[in-house]
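Here come two complexes built around chain A, the first alongside chain B, the second alongside chain C.
Then we have the complex of A and B:
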């Protein structure tokens, strides 16, 4: 295979992975942008949604794509319950308490999954799994392409919802100034709960699309959760367009680092890029200073 | 004044018990648990200086533990350097690395900083896993030498017990003195409100770096102790993500920004996980993680001051109850 084809393949693969990162990052950045709390359990929400898809495939034989609406609904509820039970009490607490609240949730969910399912890697076999497209020598796996398209659609939907609907404006109003929004008759508690619901639902979509071709295991949230933080911080906490661009850039950097250097170093290159970006642009690449 | 006397009396009593304990505890298993509890209290206390006092949450602190473990081990294997000297060099290296990383990182605030520390921990893990000179993923064995204080190797567990205890005591005394000095006040001012602290003329970056340096030094000392105690290190055991998590759980449970909080946290957390593992048989069932997670969430919501917060409140309540004695009691009766 020529260098050009391999490079092209790497870029395509990187962008496809990047699309998944954008989707998990979208959920995190919606929550942060509106409620101003970083969800350290975000990657574990992804893990939960993948396990839900797995359980549905075992129990009723659904493929992850068929499970998607159910998983998204379940994750939406999980987001709201998390807000009600865990986040609301620490809304006005110091940042340390807020970090520890979702950090505790992360430890809890990861332990719970390990307790129920053990540490094994599982796959959900589907007819799509082994299929791929061949475009001029560059292969695109079908489930990954579906994931990328799903990510773009979801992104457009959330962007439209937040910037073009009245409820979306109410969300932005609460994010901008809670007191003023409350005076205008907006229930800030409801809006915050909705933001958590939407954020978790995005992860539900990501989880199903990912479970279509990737392993399901309790630690999966550690890898993706961490890359998600990097993407969100890179794009600027709370910036939706930033998360989209950053997801694709991080996917590309990861793939190119793996291809040009060594796969075992790829994450450290990503982390180093993150450090350099936040040191020189402390609000993220596209964040407003 | 009363409160302080009660605490110091209590601390002296506990120390006396701990000093004679090895004479009473015959089973090596319990000594082993106690040694690890002391080590974790030391590490939790180290994290507490930066996280609890100065309010800077680092989730990559295994990095400094690993530097301590690897420095003394590699110096001993490659140059025959005595592990005690190696420990001091490891502490120095750890502080240097903390300064190099801290200077740019402390320009980043809040969540960006937390994520930067996770990234640093992960980068260190990848580097050491791929670095063949330090044994890569396989790790390094420390050769057995004729035991003795001079070579930091001992036949039984009792000597390790006293060394771990004395490391911990040194750290507690340091933290106590630090808390009483201007350093402690500056750290807490930064934790409470950075902008106000800056407006009062405190050099924020300088004092954050100082907190990080003390923290890194104690982590590194713990790293050398761990290497000499188990005589084997690899990235999985001295640089893992989960260690970074544990060292911050300890002061969260015990009480952030208090001298004895990490000790209480370690005494609660470590036996708890051993007990759960022993009573349920085998590891990997992760029930301990479930319980830790629940505890952290509960403490974050209900009691951010940890177990120390409870104790202080109870002691204060007792004191005020006895101070205005009968009146208060009468009020309580009337309320009922």
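Then we have the complex of A and C:
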């Protein structure tokens, strides 16, 4: 097989994984951008949504794609409940208290999943799983392609919602200046809750698309959460377009570094790039100071 | 470019970085619980500490190992006159007035630092007589350092890094054969395949996760390959906690290797099989250094995509054909847990029996006495559920010198069957493994 095809395959694989990273990063960046809180339980929201898809597949035989609307609705609620119960009380507290709140939530959710489901790896068998496209010797797994398309659609939807709708403007207004927005008659609490709902719903989409081809286990959030933070910081905290670009770039760097250099250094290279960005452009690729 | 308002960007980024690092080290925790109840208050107890990854990414394996140890404790503490195993006849440790063994569990969550602190806790607070553990070689390495410093016997039944015995520790004993022996086995196996005319001059790829276990395996395989004059076309170390392994598989494809010698833990083993399939990589064989590939979780996660791999094993259920004791012990295990034993379970099981046997012969819980008894261990093959020639420790390295491996293949219905050495084989080897598009 020629090197070109190999390289092409690596780039395609990298972009497909990058799309998944963008989707998990989207929710995190929305929450940060509007509520100004870093949600450390974000990866575990992803885990919860994957387990919900799993439970639905066992209980009613839904494929993850069929479960998607239900999981998204559930995650939206989870986001709002989390805001009401956990975030609102620490909204004006020191940053450290906010971090401990979401960090504690992370430990709790992971423990809860382990308690209910044990630590096994589970897969949701679907007819889609085994299918793939073969384009000139480059293989594209169908569920991964669906995930990538889903990521793009979700991005467009969230971007449109925030920038083009009245509610979106209200969200932005609250993010810009909470007091002024309140004076204008916007209920900032409602807006923050909505932001958490949207952020969590994004992970609901990501979880279902991921559960279509990836295994589900209580630690899955740790693995993806880790890269998600890098993507968000790289793209610029709060930047939606930044998260999109950064996700794809990280996916590409990871794949190319693994293929062209040495797989054992692939995350070191991702980290190096991230550190360079943090040092020379602390606001991230597309963030504004 | 659209940006939502944000404040304190640098601080946030740095804080996030710090917390991510914390995150990486912080799994969820669970309270370790004593595995056996110490209700026989009138009888003296002998505490043994068992440090395994009970939670975290290797949690599935940790529970398995613990079940193996628990079954052995059950056999030691009660009377099983029908079982031809060390310590099965009498009740408890007969030379210590029938003292019962009490397990105290420690959870290392696959972290060498936690393994160290758990060893520290078990020795200083729980006052254990001896320690067992820790599966992951990197963790065994740190935990056994603590035992060495405190002069407490440490029996390792399940870590296969050759470097562990190269330290020549006084208190560290290992029953399982190590990866040097297993790597050597691989090439004897390949030579046998040549003799059978199944291969002529195969191109080999060496693929391993990049912690202590994997890298040591990689080194051992490279050494043996040289000695047996095999051609290695690709040598790939990969990060143990990868989200995806697309680029690694691309590298393998690019190398044109026919046989992949692979060392992975369960989550990456599953991930690799899925990626091999997605990218249509069809080597003649995947020859795995057990670990993830013989883990209970492997087939659960990989399903039929996980079939046909070959793995070196320390144990297989079909050894029961030659050793009836295997069947008996497996039945006890299955009655309790509903699943068959695995190589991991049987190694941990055997480890505890060896330790109990030594403490019993020592007739004392004094560390020096137990150490002396361990050195004098001589268990014949017919008292083992392992395919070994027995257990005897090398006086210097404390490695069991009578261990040996077998090679199993996952065949129809996801059964692990022994295919090598030919004389222990219960089924014919399927060679090469079926191509992805030929599988149903």
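The rule we apply is simple: the second predicted complex is superposed on the first by the 288 of 289 C-alpha atoms of A that agree within 3 Å, B and C clash if a C-alpha of one lies under 4 Å from a C-alpha of the other, contacts with A are read in each partner's own complex, and residues count from 1 in each chain.
One rule holds for everything that comes next: a contact is a pair of C-beta atoms (placed from the backbone, for glycine too) under 8 Å apart; a residue touches a chain by one contact, two chains touch by 3 or more.
In this text the structure is predicted, and so the values were computed from the model without any measurement.
With chain A as the common reference, chain B cannot sit beside chain C without a clash. When the two complexes are overlaid on their common chain A, residue A:213 makes contact with chain C while staying clear of chain B. Once the two complexes are laid over each other on the shared chain, residue contacts for A:254 go to chain C alone; chain B is not touched.
Once chain A of one complex is fitted onto chain A of the other, the partner contacts of A:161 are absent, as it touches neither chain B nor chain C. By the touch criterion defined above, A:93 lies against chain B but remains apart from chain C after alignment on the C-alpha atoms of chain A. Contact with neither chain B nor chain C is seen for A:70 once the two complexes are overlaid on the shared chain. Applying the stated contact rule after C-alpha superposition, one finds that A:141 touches chain C and leaves chain B untouched. Counting residues of chain A touched by each partner, chain B versus chain C, the larger count belongs to C. Once the two complexes are overlaid on the shared chain, A:239 sits against chain C while remaining clear of chain B. Of the two partner chains placed by superposition, A:169 touches none, neither chain B nor chain C.
Once chain A of one complex is fitted onto chain A of the other, the partner contacts of A:110 extend to both chain B and chain C.
Across the options 8-16, 44-52, 116-124 or 170-178, chain B meets chain C in a clash only at 116-124, per the superposition defined above. Comparing the two complexes, residues 32, 38, 95, 99, 103, 106-107, 110-111, 114, 119, 218, 222, 226, 229-230, 233, 237, 262, 264, 267, 278, 282, 284 of chain A contact chain B in one case and chain C in the other. Contacts from chain A toward chain C in the complex involve residues 1, 3, 6, 9-10, 13-14, 17, 29-30, 32-34, 36, 38, 40, 95, 99, 103, 106-107, 110-111, 114, 119-123, 125, 130, 132, 139, 141, 144, 159, 162-163, 172, 175-176, 213, 215, 217-219, 222-227, 229-230, 232-233, 236-242, 254-259, 262-264, 266-267, 278, 282-284, 286-289. On the chain B side of its complex with chain A, the touching residues are 51, 55, 57, 104-105, 107-112, 114-116, 118-120, 122-123, 126-127, 129-130, 241, 245, 252, 256, 284-302, 304. By the touch criterion stated above, chain A contacts chain B in their complex at residues 32, 38, 86, 89-90, 93-101, 103-112, 114-115, 118-119, 218, 222, 226, 229-230, 233, 237, 262, 264-265, 267-268, 271-272, 274-275, 278-279, 282, 284.
The touching residues of chain C, counted against chain A in their complex, run 1-7, 9-10, 12-17, 19-20, 23-24, 26-30, 55-57, 59-60, 63, 210, 236-239, 241-248, 250-251, 253-254, 266-267, 270-271, 274, 277-280, 297, 300-303.
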